[in-house]
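Shared between the two complexes below is subunit A, which has subunit B as its partner in the first and subunit C in the second.
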Partner chain A sequence: MAAQSCSQFHVFSAEEIEFIAEDELIEIVPNMRMDQLNLIRGDFGPFLPQIATEVPLWLAVALKKRGKCRIRPPEWMSVEKLTQVLEAERDSEKEFQVLPFHYVEISRLLFDHAQDDIPDIYMVRSLMEDIRDVRFHKVETSLETFDGRTSAVQAFQKLGNMVPETDSVPSTRPQGTDKAARGRRILRGR
Partner chain B sequence: MASGSSGPTEDLGTLTDVEPLKRAWRNEKAAPEILRYETHLIYRVSKQIELLEGTVDDFTEDGVDPLMISLYQMDLDRIQFLLRSYLRIRLQKIEKYMFHLLLKKQEFHEKLSKEEKAFVQRCAEDMKKHLDESVLSHLPKNYQSILKQFTTVEEDDAEVDDMVPEPPLDTFVVCIAREYVGPSEFQDSSDSLAMDLPLEMEPGDLSFIPYRRIKKLLESRKVDLV
Partner chain C sequence: MKVRTLKLREAHKPASNGSPSFCSVLWDQQAHHLVTASSSDSAISIHDSLLPSQAPKILRHHRDGVTALAISPNSTCLASGSVDHSVKLYKFPSGEFETNITRFTLPIRALAFNKSGTMLAAAGDDEGIKLINTIDGSIARVLKGHKGSVIGLAFDPNGEYLASVDSMGTVIYWELQLGTTLHMLRGVAPNTGTDCSVMNVLSWSPDGEMLAVPGLRNDVVMYDRDTAEKLFSLRGDHLQPVCFLSWSPNGKYMATSSLDRQVLIWDVEKKQDIDRQKFDESICSMAWKPIGNALGVIDAMGKYGIWESVIPSSMKSPTEGISNSQSKNSNGLVFFEEEEKEEEPGPSGSLSDVGEDSFGESPPSRKRLRKQSVTEEFWEDDDAFEEISLPSKLKAQKTAATKHKEGPDKVKECVRNVTSLERPKMQDAFQPGSTPAQPGKRRFLCYNMVGSITTIEHEGYSHIEVDFHDTGRGPRVPSMTDHFGFTMASLNENGSVFANPCKGEKSLSTLMYRPFCTWANNSEWSMRFEGEEVKAVALGTGWVAAITSLHFLRIFTEGGLQRHVLSLDGPVVTASGFRDQLAIVSHASDCLPSNDQVLEYRVFNISNSTQLLKGRLPLSPGSHLTWLGFSEEGLLSFYDSKGVLRVFTSQFGGSWVPLFSSNKAKKSDENHWVVGLNAGNFFCITCKKPDLFPQVMPKPILSILDFSFPLASSDLGADTLENEFMLNSMRLSQILEQMEEMTRAGLDASSLDDDAYSIETAQDKCILRLIASCCNSDKLVRATELVKLLSFANSVRGAIKLVTALKLPNLAERFNTILEERLLKEKGEKDATVTVNAKTDKYTARDVLGSKASPAPIIPSASPHLSAPPLVKKAKLQDAAAPDKDNGVKVDAEDVNKSGEVNNDKLVEAKKAGKDAAEAKSKTHRPFNPFSKTKDDHEKGKSVAGAENQPLQRPSNPFLKSKIK
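Entry: the complex of A and B
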């Protein structure tokens, strides 16, 4: 029996991960007035000039694109906070620092659409890349300890905060029998 | 924003159905086999979508601020995407494992919606017909079964339907615990060489684990797949 179409249907594409991330709430500061939005997922607004309010990220980006608001970068996206996180990541071999679930996607959306709202954007960007590198390296090393006999990876239980990396590692659904090799193949994904 | 009463496994206190739908979509996408059809959830979501579509139409007629309309439309689009993707993933899995589903009668009844069941029947009939006509009828007698590689005259009861592709339940998945899960709740590993570590998960813990071991946990909503 031929396996029809794609066998990788259970892989989340980058767009799909972004889609999930876009539901995260973020603060905006509107520069206009608008009535409350009774969306399917909840009520947002009413929107008043200069009064900060929380909305889903997709909504924030849509409003920002139309010049209707400023976006307040989340608290963790500051140079000080990120420097702390980076140092802590480098110090600890196995533990991951607490970062929001979708920090990669959130920051990418903000870099793309709200550059003027992020102070020291170049620093922030470079810190985030460094953090990502360190974390990926940790994931890679721990997957390498994953030999053919392990039926479940105990180590991963400690990596409670590595979910963002899992999301951005598309084919964490390995085919083939050599699990360690799978792991390494996985990480070449993104 | 109505939630309404639903199947016994729905969270009480969810204000909207968006979260459950997103969760169902994620789980379905990540799982190697088809999961139970969320009849009540999907029904409610479809109704909500219809309602919202009507609202957007009314807004357009009434000349409401186009910005607001486009935002409502975006929200609507997002929900529709979730719903469609959910249904589409299921169809892909059904197409891939249609014979397997037909053989496993119980799973067939429990997991598929009415429409999906009809689809499987038709799909399987068509596929069988196609294979029979193009290949199987030209093979020697004992090789003509669509289910088995080779059949013999004496029917064994230990015969295996080895031409039927089955979902790979040993695929590794990443799962996140929603409640505390003790070691006894994981199903046994099928790998006899496995070093079985005593496993437990606190809420919020992640594990990279073969699907087979957390299948039951997923069904009882104790874990979600990522």
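Entry: the complex of A and C
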């Protein structure tokens, strides 16, 4: 895939991560009739109007852009579920709650392309941001505890359910040390 | 809101273990006495409200706790029900024991007098509510219908209905004249389970217009008197379910007590709580003082008290306006009031003993405290007297009053309503795929596999939208403003049809057709019907059908030409169109007493003007039709309210096959709303229970469900296989029939060949797996029967190998005989055909002879072994069987002989051979047949056969292999 490991501290760019995330499966409700699609990674469809089927996110977005389907937001993207996750995230200091690995990218893609398919989109969006902030904070604090004596791996292992937050960190965030970057790489390589 | 404390005094000893008990409190009509009882105490106390310090009168007649109290409206008679199963009557206020009016087999939980005091309703843990005539103690009626113990009873003040609630929260409205259930509201009140200290109660408003029932959300819900529709709810600060409620005498206020130990006072009109009181224990029972502004309360520990001046003085008194409202209700009472004014000082009370008693006891000063209260007393006395002595006269007056109040129309409506509900109702006409009207919400007029038509009413007219599921194909239809108020619609690829019922005299029933794409302008048309009402519409290729209230079936062409008018047998239920076919379901007769609808279906071919089918529609017992339609292949099917989908089959002279049952589906908490079906699946919208139909928003999503026969649970334990087997044989018979039809019509049926072939292979695989599971569970006869059903000779060979591998030489031998018989038969028939063909058709003869020289094609026979009649075109497929006919048998025999030797090896061999055979078959003859699939299925079959202990895959018998390939 897009990951060419050119430098020692290479991390995926946002675009690359998005590209990878686009392979996640998502449910759509097509409004057209189409035969099965035989793709490299597998067969999708056949597509029948009003009958839900699972396709990769990129295909869902492509169909959505053409007005050929509705995207059903994943279960974890409901206000109810996200509220639960946020609460649990705030309560437990050491652990991350279970969300899909690419939750940031998936939600971003859906917010961009399928606004009309997500109920309570503002609420969902703000909850997602809150969750992200809480998780960043957790990563940050754990990175602070990390000094020369402990290895990056140990530092990250302190956090249960390691998450991909670090890679989504925009460059506006102060870049960590080399070790932090390595830590990120370890995270990503999970 | 100030919180006051109310001092309670002990009236009854709490239960010895300190657990809460159910206590009751009552006022008499003159508010002189307060009666209390507790379910943990066998005594009933009659407290004098004027002299609270005086010791109460104690009635000890029950042998166990008293659970229910009721006082007759004229306060002459007190009834008590107890855990000791008896209901006793006492004189009041003397408290003299009168009689044991009835006995139950289980504890009593609720008692209620009717307005005139002539009838006492008693109920409890027993099945059935007893209606007892208080005069002679005879049981007038037993009302059965509650599943749990009945814990609340209330007579309608107007004497028409009785409402009851049970411990499971079900509320039933009973019609008293007929003793029938009028409405049943399941699970509307909290489920109190077995806790006997909690009673649900329900209470009619004093004017009888609504029924108050504790709701599920710590609220009180009001239901309409006649329709049992939810009117509104009083929801506020109760933190736990409401356990008791009481209307103020004028119906303006309501007191509710909840398990959270609060008592709230509500202004019912404003739906607002106006006061509250917290107690140490939850209040079990409350009673408004009939005169004045006070509330008698008793808690679960048997402590009672009187809450004085409940309603703030700034607001209207809880008794204010009773006489006014009552006089409005009844003309007769106005008369009495006038009369009473005339002879006010006169002893109107002396008309009845009771009145005399009570007047004798009450000091005159109290009686004349206020003018109003005196009026009330007089009124009540007169009323009570009147009701007891002259019930018939009063009744007449009352009816007159109701009529006067509601107008003749409504009365008539009520009567009609009652009569229609007393027996099972014939179902109304409906459109398949429509949802009922909901105020303020969009609803489906039609939802099918093509698209949907939705409507929403808005200020007198409706907006109709037509959407296609496949937005790419269907044309974009502009939304329409509908001034007719269409309630019926149907949709297909070419157009949509709408119809409305007639509303009053002005608007006639109209039928309108809108084509989606035509070359001409203004090609939509409409028809109006005078003195006739459209009941159902249907749409097909090039025709529109409307069935009307005169039982006419009217057929129009797409352009609006009136083509046919036919008379139908009975009132229509629904209709559905598909291409040339029109299916109509109508009532054949009134419902059966068992609540079964008697429906009849008929299918017309519109273009040929023929009737294809006719017969009775087999509904599930006690259900009604909810959907009717055609499958994508044109098979008629319907769905009933019990969740069973049935499809028509021409087998057995035209029968219906149940292909799905909603209750047997995996998820029991879902209702299925059928939309359409095809040969193998059906499409439905799943609705979470208790919803029966989908909403327009959010857009419903179709789910595909597989057919499943309602098979008995077999000792084989291979339900899915058996289901598949049944389905395959059904589909095969459908296809064969279709082919037959096509050949009869002189069409080329070869396109169906491939379908038939693939089903046959699938069926053989399925049978082989069934044989394996039969062998595993030692059902050898069944296995033999299954072998006879195999379509291909090669499959039989596979079966032989399978049983050999499973070490069943007996069975293998039997299978061999079957195979030999079969081959012989086929050969004989083939020869016969050849000679016949040679005579009749030279070309065919040559063809057949030519093939006979090499591997001879076998013309299949309708041999008795084969349930599935083989195909004419199957000859080709049988090629494979022909060359190794003899050898195959020999080899199999060898296998059988050797079977004793090395089992594991044999197993592999058998498997492999079977697989090879199937592969060879599909490879050589049907290259397009998905190869991988065959293999997969065979591997599955293998695992079913129980070849877990498989050793290395060794090349099988080389002889065999070479022969097959």
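The criterion applied here is as follows: the second predicted complex is superposed on the first by the 151 of 190 C-alpha atoms of A that agree within 3 Å, B and C clash if a C-alpha of one lies under 4 Å from a C-alpha of the other, contacts with A are read in each partner's own complex, and residues count from 1 in each chain.
As a working rule, contacts are C-beta pairs under 8 Å (C-beta built on N, C-alpha and C of every residue); 3 or more make two chains touch, one makes a residue touch a chain.
Just so we're clear, the structure is a prediction, and the values are computed from it rather than from any experiment.
Asker: Please indicate which partner A:Phe19 is in contact with in the superposed arrangement: first for subunit B, second for subunit C, both, or neither.
Answerer: A:Phe19 sits against subunit B, while subunit C stays out of touch.
Asker: Which partner, subunit B or subunit C, is in contact with more residues of subunit A?
Answerer: Touching more of subunit A: B.
Asker: Between subunit B (first) and subunit C (second), which, if any, makes contact with A:Val29: first, second, both or neither?
Answerer: second
Asker: Would you sort A:Lys68 into first (subunit B), second (subunit C), both or neither based on which partner it touches?
Answerer: both
Asker: Shared contact residues on subunit A for subunit B and subunit C?
Answerer: Subunit A residues touching both partners: 68.
Asker: Going by the contact rule set out above, which residues of subunit C touch subunit A in the complex?
Answerer: 468-473, 683, 698-704
Asker: Enumerate the contact residues on subunit A facing subunit C in the complex.
Answerer: Its residues touching subunit C are 29, 31-33, 48-52, 67-68, 70, 72, 119.
Asker: Spell out the residues on subunit B that touch subunit A in their complex, using ranges where they run on.
Answerer: Those residues of subunit B that touch subunit A are 1, 15-16, 18-19, 22, 26, 29-32, 48-49, 52, 65, 67-68, 70-72, 74-76, 78-79, 81, 85, 89, 92-93, 95-96, 99, 163-165, 171-174, 176, 186, 189, 191, 193-197, 199, 201, 204-210, 213, 226.
Asker: Spell out the residues on subunit A that touch subunit B in their complex, using ranges where they run on.
Answerer: 1, 3-7, 9-10, 12, 16, 19-20, 23, 34-35, 37-43, 58-59, 62, 66, 68, 146, 148-154, 156-157, 159-160, 162-163, 166-167, 172-174, 179, 182
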